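Structures for review follow.
What follows is chain A paired twice: with chain B in the first complex and chain C in the second.
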Partner chain A sequence: MSEKRRALEVNKVIGGAIRKHYQDVQQNRPLAYALLAPDPMIELCYAAGIQPAFPENYACVCAARKVSGRFCEVAENNRLLPDLCSYMRTAVGSWFAREVEKLPMGGLPEPDFLVYTTSACVTYYKWWDLYRFYFNKPLIYVNTPRIMDEIEDYYVDFTMKEIQRAIGELEKFLGKKIPDEKIAEVVKYSDQLVEYWHKMLELQKTVPAPAGLNDISNILFLLVALPGTKEAVDIAKQAYEEMRERADKKIGNVSDEKHRLMWLNIPMWYNLGLTNYFEDRGCAIPISDYTNYIWGVPRLDKPDPIESLAIKALKGELNESVEYYIDWMLRDIKEYKLDGVVIHSNRSCKVLSVGLLDAAKIVRETYDIPVLIIESDHTDDRAYSDAEVKTRIDAFIESLG
Partner chain B sequence: MARLFAGVDIGSTSTKAVILDDSEKIVAYHIIPSGSDFKKSSRASFEAALEKARVETADVQLVVSTGYGRYITDLTSKAVTEITCCARGARHLVPDVRTIIDVGGQDVKVIKVSEEGKVTDFALNDKCAAGTGRFLERIAASLGLSIEEMAELSLKSAHKIAISNTCTVFAESEVISRISNGEPLEDIVRGLHSALASRIAGLAQRVGVQPVLLLCGGGAKNAGLVRELEELLGEVKLPPEDIDPRLVPAIGAALFAKEFFENKSS
Partner chain C sequence: MSEALSKFDQVVANAPQYIKDFKAKTGKKVVGFLDTLAPAELVHAAGAHPMRMFPFSKEPVTVGDTYLQSFLCSYVRSTWDQALKGMYDYVDGVVIPTSCEVVRFLYQTWRRVNPCNWVVSVVIPFKKEDYVVNEFFIKELERLKAGLEKNLGTSITDDSLKKSLEVFNRNRDLMKKVYEMRKSESPPITGTEAFKMVFASMICDKDEHSSLVEKLIEEVRDRKAMPDAKVRLMLVGGCVSDPAVIEMIEDTGAIVVIDDLTVGTQYFWENADLFKPPMEALARRYLSLRHPANTSGEDRAKFIADMVKEYRVDGVVYVFTKYCESHRFDYPILETRLKEEKGISTTLIEVEHIVDLAPLRTRVEAFVESLK
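Up next, the complex of A and B:
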């Protein structure tokens, strides 16, 4: 590793947790395909003894192993249009490729059923619907309202009723009751995880920032795949303590932090080295909308665990308005002491691309700081052009002074 | 002998070398196609410029490279991006410039500079070449015309025909279909210039156009494109007549060479 940046030690532990998760996915039944974006169904799966598997995260794994572009191509050869989400094309493509190619982590086995919450992006609703069509398996889902202004009480009431209905369907499918105390226990673990997560995001305001964007994205796996487990809480505690120690000793992820940037949109999972390219040039990326807003999961500390799950389902960038998102960004540019914003104009992610250029305009007008726009895709590496992207980054860093 | 400084811009289509003297005047320049060997083309353009200036390599105090091939040359280890160099060169030629549009062979850059000449924002076309010089080059080739003939034809037209600007290949098919419908060639060619201008203007508006607006790169040599851009963006300035508009980033690189040398010396 470069002497200019220092990855967190806890990454090794998280790597182990990722491998264990994919072993569990291969071995455990019943298996449900679940969503990543803040979805209360994940906690319910753990409470019910159901093994969740995450096609979206699996697409990231394929990207990190440099096979996502290949699987996108397989998906396109199997009737998925090239403009569709590359998470979807990668995961579905890997399924079509399973008999002729060696899949990373052994691939995702066919699920016993599907779970879903509508507060994620619109593609997901149809993606899970397509899985139902492919596998002819039950789809158990929670309907949620979209949030344009405040979260009204009746939105929460409605979502709680939806969660109760989904619990009833899960119990019917399993042929047994999910104990209330088990739901309360997983929600308690999920809340402890979120509490550490909030503390870690807060520590990133320290100058120099204790962790890099790749570290934080790695820690995010705990919220993605393991919310509601004690294992996730233990690893999050370890990550927090390591970051706390670094912050106290003023040890930064970037050894000579000169600039602090915000990253907007999903990272390029096939090219996490791009973050290092910034870091090696003295630019820390302590915050991204991906880690802080999409995964800005609220505390799950309401007296009624079902209410906590309902609020989890309603909050976050994917379900809230562009205005909220821009307000958060303007607040955090100040609080995280940022000197620039990097926007990943993400070809196949429509929902996160809406409002991005408006955000860029408002940032320029409000703070007079430079905004870099780079065009690529989060999972389809065929949309990435190294020379073009690095020329833009170099010029951006030159403009930072 | 006066001290000399050089800038070499190794672009996707052509490589440009410029030699400046102490007073920042251009002593010589040379432009050649970049080809596939950037080391060879950068050295060849630099040596040709030296020959025109009747000087030796040792007479040049420092060389700065820029352009896509800036790290691939063996002339120098000092590299600055073409965005920063273009802004520097443009301000040298037009001191009150605030927005620069550089229409190159495979890319278009829009650069915004502060009153002090610092780059404050920029935008480049994405991976599609439909908004670049290549758009006109490709269609000119299919029509059997030169770019200069295309520009002249465009200026003769009083009525432009709308042509899609989303894809060069589709635009080419559209042109052929318009010709077979018997529509006047000058109106079709003007439509092509207008399509390109509208794509460039869209990129410029993303950054926000502030006067004085300078157009440089190969596109600045095309009067048909200049007319269409002026319709969309208002007055467009060009580099002084004695300066080839493709040289602006190389001039900026040579100015950086002078600055780096003087900073090191002081």
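Up next, the complex of A and C:
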């Protein structure tokens, strides 16, 4: 590891959890494909003894192994048109390539059914519609109303009924009841995880920031893939304690922290080294919209666990509005003592790219701090130009003073 | 030429002028809507005039570029650009439904920048099951109704909504009659003319439009629009708002006889059930639309296959909007169900609001040639 940055020790534990997750995916049945935006179906899967698998996360794995571009190409050769979400093209491409390629982590096995919640993009609806077509397997999903203005009471009521209906459908599929106390237990674990998560995000306000963007994104795996499990709470506790200790001792992820930045949009999973490039030049990235806003989920501590799950699904940047997120950005630029913003204008993620230019404009007007916009893609590396991006980053860092 | 068709021509060629004249004549307020999923009947029931906001000008996107990236749908980008430039100065307010992601997220920016006086939203569910109507959608339509009443300073009653549903149903029935006539061996109107009729329906006063469609039915009863056309096409796709695209396709000598387009059956095919209470009828009608953002690819494939049979279609041309996820996602399903399983010939062209039609024409020409 570079002397200029110190990754958290807990990363090793999380790495183990990721490997174990992929082993479980290979071994456990029934297997449900699920999606990653704040989604109560994951907790319900764990409550019901169903193994969830995450094609989006699998696409990240493929990107990290530098095979996502190839799988995108395979998908395009199978009628998936370019510019569609590259998570989808990578995951679907890997499925088409399964008989001729050695897939990372052994690939994702065929699911027994499909679950998701409509709390993110239309892509989710269309992607799972496509999987239903490919696999001809049952689809169980929760329709959360989009939040265009305010959360109305009937949005919460409807989402709660949707979750109850999904429980009924899962029970029918499994042929057994999911005990209420089991649901209460997973929601309790999920809440404990979120509580630690909030504390960790809060610690990132410390100067120097105890964790780097890659550390925090790694910890996020617990929230996206393992919510409702005790294992996730235990690891989160360990992560929090390590960050707490660092914050107390003023040990930063970047040993010589000169600047503090916000990252907007999904990281480029095929080039996580780009974060290191910033960090090696004294720029800490204590906050991102991905970790803090999309996953700025509220506590799950309502008396009724179903209501907690409903609120989790409804509240999140992807189901809400960019409007909130611009307000949050303006608040956090102060609270996290930031002196610049890096925006990844992400070609194949429309939902996270609409509004970014507006956000950049408002930040510049409000705080007069530099904003760097990099146009690229989260998983498809074929159009990424490392040299060009780094030249622009160098100029940006210079402008930070 | 048919009087009705030339009126549609005029409206399509200069929709803003039609609206301005209409406004001056009637004193009605004009409410723009951004997608077929916006329940326009509610606007009509409030005594205002609903109008689909297309990017009426071919002016390149300039101001809008500072908000929306070039890899987003060009129709939405152009509409937003033209709103910022004050080109919808005759619009009193706007309704934005949750359709695609670009429109959904643009709503927030629209609300802050507010280029057309006021804007209200409506959340469209993904699920279409019966329970969604009462548990969610009627309540959401009530929210939209309250927003419209507040901004328009009028009230929408069950009676006024019922009347509006009748007015819209009549218009839809009449357009369906015209479409029915296109099943004939030698259709009385071209696809371009049908497109202009539907486009005009999204702009014009409904009663006026219905009278024109009635007139059209009489005028073209014995007409053969393209007597030499040997190839019958169906168009499938998104927000194409420029009749030049359809014209280019028919310039190859083929005739478009049916469609699954925004300016087409996606807009008017489904009627409201007038035996139901008006808000419920409205909710059910808007849940029944075949909008790609909340319709499964299988259901779309089924509709298209049925139409291919009913209208004796020789080939399907997908006219997809570049960067439009909802339509593009359905492509593998449509190709499997239509081409592989039913042997229907298909081809794909991609369009943008401002597009060079010449290379697309070459592609369509080759396709039509292969169908002869």
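One rule holds for everything that comes next: the second predicted complex is superposed on the first by the 401 of 401 C-alpha atoms of A that agree within 3 Å, B and C clash if a C-alpha of one lies under 4 Å from a C-alpha of the other, contacts with A are read in each partner's own complex, and residues count from 1 in each chain.
Assume contacts are C-beta pairs under 8 Å (C-beta built on N, C-alpha and C of every residue); 3 or more make two chains touch, one makes a residue touch a chain.
Fair warning: this is a prediction, and the values are worked out from it, not measured in the lab.
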item: Touched partner set for A:207, first chain B, second chain C, both or neither; value: neither
item: First, second, both or neither for A:357, with chain B first and chain C second; value: both
item: Broader residue contact with chain A after superposition on the shared chain, chain B or chain C; value: C
item: Chain B versus chain C as contact partner of A:370, first or second or both or neither; value: first
item: Touching partner for A:387 - first (chain B), second (chain C), both, neither; value: first
item: Common ground on chain A, meaning residues reached by chain C in one complex and by chain B in the other; value: 345, 357, 375
item: Residues of chain B touching chain A in the complex; value: 68, 80-84, 107, 118-124, 126-127, 206
item: In the complex with chain C, residue positions of chain A that touch it; value: 78-81, 83-85, 118, 121-123, 125-127, 129-130, 132-133, 141, 143, 145-146, 148-149, 152, 154-155, 157-158, 161, 321-323, 345, 347, 350-351, 353-358, 361, 375
item: Touch list for chain A against partner chain B, complex; value: 345, 357, 364, 368, 370-371, 373, 375, 383, 385, 387-388, 391-392, 394-395, 398-399, 401
item: Chain C residues within the chain A interface of the complex; value: 66-69, 71-72, 96, 98, 100-102, 104-109, 111-112, 121-123, 125-127, 131-132, 135-136, 139-140, 143, 292-294, 296-298, 320, 322-323, 325-326, 328-333, 335-336
